[in-house]
Amino acid sequence: MKMIDVGAKRKTERVAVARGRVSMADATAGIVRRGESEKGDVIAAARLAGILAAKRTPDLVPLCHPIALTGVDVEARVEDGGVVIEATVRTRDRTGVEMEALAAVSAGCLTVYDMLKRYERGMRIESVELLEKRGGRSGHWRRARPARKR
Amino acid sequence: MKMIDVGAKRKTERVAVARGRVSMADATAGIVRRGESEKGDVIAAARLAGILAAKRTPDLVPLCHPIALTGVDVEARVEDGGVVIEATVRTRDRTGVEMEALAAVSAGCLTVYDMLKRYERGMRIESVELLEKRGGRSGHWRRARPARKR
Amino acid sequence: MKMIDVGAKRKTERVAVARGRVSMADATAGIVRRGESEKGDVIAAARLAGILAAKRTPDLVPLCHPIALTGVDVEARVEDGGVVIEATVRTRDRTGVEMEALAAVSAGCLTVYDMLKRYERGMRIESVELLEKRGGRSGHWRRARPARKR
Amino acid sequence: MKMIDVGAKRKTERVAVARGRVSMADATAGIVRRGESEKGDVIAAARLAGILAAKRTPDLVPLCHPIALTGVDVEARVEDGGVVIEATVRTRDRTGVEMEALAAVSAGCLTVYDMLKRYERGMRIESVELLEKRGGRSGHWRRARPARKR
Amino acid sequence: MKMIDVGAKRKTERVAVARGRVSMADATAGIVRRGESEKGDVIAAARLAGILAAKRTPDLVPLCHPIALTGVDVEARVEDGGVVIEATVRTRDRTGVEMEALAAVSAGCLTVYDMLKRYERGMRIESVELLEKRGGRSGHWRRARPARKR
Amino acid sequence: MKMIDVGAKRKTERVAVARGRVSMADATAGIVRRGESEKGDVIAAARLAGILAAKRTPDLVPLCHPIALTGVDVEARVEDGGVVIEATVRTRDRTGVEMEALAAVSAGCLTVYDMLKRYERGMRIESVELLEKRGGRSGHWRRARPARKR
């Protein structure tokens, strides 16, 4: 088990974008849309939970490097039958921020589930995936067929 | 925004079981199976990350209650085209442990992704869902059609 | 230095209410009111930060006991020349939740400051105080002259 | 909600100084002065709690950037009717350390309250404010009229 | 890997006492005794670090249960050639607090090392061990031959 | 109490190696060797706990600087009468990583104890010490007589 040494890599600008979705009944999505969840504003809570989780990624993912994030943006939107979370994370460091973006999306999805579970226990977190990655040795990568179009 | 008061609920034995999967190419699953990941033992790391995340759920999910967990078991297994994570969480407290089980699965899946991302960036976390829940006012709930059979 | 032993105290219902205020220019308060802060929704962020801080109090305040909180409610409202944060915390445990309520208010105030500091650096956090405490050996306590009426 | 991207800002030396005060009865201040608090050394605990909180600021304040602090100094002193906490935080990074200094002061004040609350529940945290800020695009800023002279 | 289920165990009063020692040159111990460490009061810092670590044990030790501690007392004393840390932890819960006591001692010893390392890099943490354990199914246990007498 | 300012120090490559040992009966060491601990894989858990603790050192050791670690490797091996933990930590920062290496070893040892305590309560954590340190103003340091040869 080891956290690979990245000391020899260069500090460059790096960006990662990830996305995921909590699928739910239309009726449950309607509760989000009308702001009627008993626990409060689902969209705002999911966004903040995502930003906080991005910063705490090295605590959650054991072999992940601690990185100085320069920016985190988490969007959440309700659509028919679901809430979509998308996170964009930036750094100028020696290693990429895919894990931070995926952790932000995961925490956002968990928060959506938590705030709506009393209405529908069977919701499902789906398609948590990297959409894009820029910077670093591997250059620009973009997912060929995302689970859904942006 | 509020963490609902559960002070009037009774302390009872409660169990939640959740599951999720990281889908990947067969070649990547083979790396796990043969124990060849550069970062070390994927299965052991995913299980430990899941257990730690279960304990840290109230930190990750803003409106989630802090709960005294009595037991956490996280299993991980490689299969064709993926790694499946399943978490069982137990408590004797005033509120259920669905979020803890789902957080354990999410952290386990993120850890799998982290340890294999250098081999395949396009992996996807899929079908993070509650399978079963026992105890508390709502009694026994079981998912009708899980994403895959156990 | 010690965390006093409370093992002999009875588990009873306990509530604490605390309040504080970030004083600022009317123009800055207007930014909150109109939802124009560059970093996003000040009120939602302050409420969530408060709830999270309540749960993390034993980490922040070295000699504070870890307590199983049953409920946390954090309100934030903008008024002329300031934003007021009020937190209500509940438990059924062996010791009171004053520190959790005060920590929630402090974190809420810090979050307000953070989201508005680019508009006014001279804001001030004022009158973070306990308003009320119920339960436990000392019974019901209510502040005689709060810094401002509720 | 977003953690603004600061990737384009330059890394420069930055310093922030903040201060706050816990106001209390003279009798309570006397307990601190004579080192008679049941929980132990109030001044030492407040200073350490402040330093630890400075390092944990991005966890407490959701939209605050994680920053590599190079130095943190927290002073605490008892005076008539109160304990004053003053924190100086330094970094060589892309964004300022006001939030770290204010978080250190807040945690120091909460710790003072916690260690003395059994003697006086009505203490109040007052005038948590930035005194000075150096470095970064905005240059040197100094509070015109601090709540109290240094 | 699993956190064993303790749900069937009874909540009883449990106490654990642990001890450890940082061995150092007499000259270094003298720095502690005279309060001359550049970083500040070694004894106070070690005690507080120990108490905080006791509360954070389930985060540090992956398969350790989260427990509601009722009391933590950490003593530190300088003697010829070393600083001794002793921690007493109490709970009324379903499982023992040995790990909390040992974690407190370890964190206390690390803190002593940190504050003195500029004077002597070769210090050594020695004999971190459980001295006594009371409560729970296994009853009263006392170490037959502690590394040093109390 | 203060976290000394290191802003004027240069960022250089720095490495620290530390080691410690949990001494136990041969029978207990045999349980590790045969993989029979009820809680699971002792070696894997100790290694992961060590890596996570290295990243969390500034939280555990109050006056320790937050540092961007570039690599962490924790080895654990069973031998007659004990388990040895060795940690190597790397950074390119302004201050050394001795504390991170020692914290990794301590957390690894605590984890070994936790997973084996039901078999032998009298185990002892011994000789947690720095073996080597490279980089920074003080250059290369190597322990003259380690507690055991490597």
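Order as written gives the chain letters A, B, C, D, E and F; numbering starts at 1 within each chain.
Methods note: contacts are C-beta pairs under 8 Å (C-beta built on N, C-alpha and C of every residue); 3 or more make two chains touch, one makes a residue touch a chain.
Since the structure is predicted, the reported quantities are computational estimates derived from the model, not experimental observations.
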Of all other chains, the one whose Cα centre sits farthest from subunit D: B
Matching chain pair for E-F (criterion: over half of the contact pairs shared, by residue number), options A-B, A-F or A-D: A-B
CA centroid of subunit D to CA centroid of subunit F, Å: 32
Interchain centroid distance [CA atoms averaged], subunit A/subunit C, Å: 28
Euclidean distance of C-alpha centroids - subunit C vs subunit D, Å: 17
Per-residue multi-chain contacts in subunit A, two or more chains: 1-4, 40-41, 44-45, 47-49, 52, 56, 59, 62-63, 68
Listing of all chain pairs that touch each other, if any do: A-B, A-C, A-D, A-F, B-C, B-E, B-F, C-D, C-E, D-E, D-F, E-F
Residue ranges of subunit A in contact with subunit D within the complex: 13, 44, 47-48, 51-52, 54-56, 68-74, 90-92
Subunit B-touching residues of subunit A, taken from the complex the two chains share: 1-4, 20, 38-41, 44-45, 48-49, 52-53, 56, 59-64, 98-99, 102-103, 106-107, 109-111, 113-115, 117, 121-130, 133, 141, 143-144, 147
Complex contact set, residues of subunit B against subunit F: 40-41, 44-45, 47-49, 52
Residues of subunit C that touch subunit E when the two form their complex: 1-7, 58-59, 62-63, 65-68, 93-94
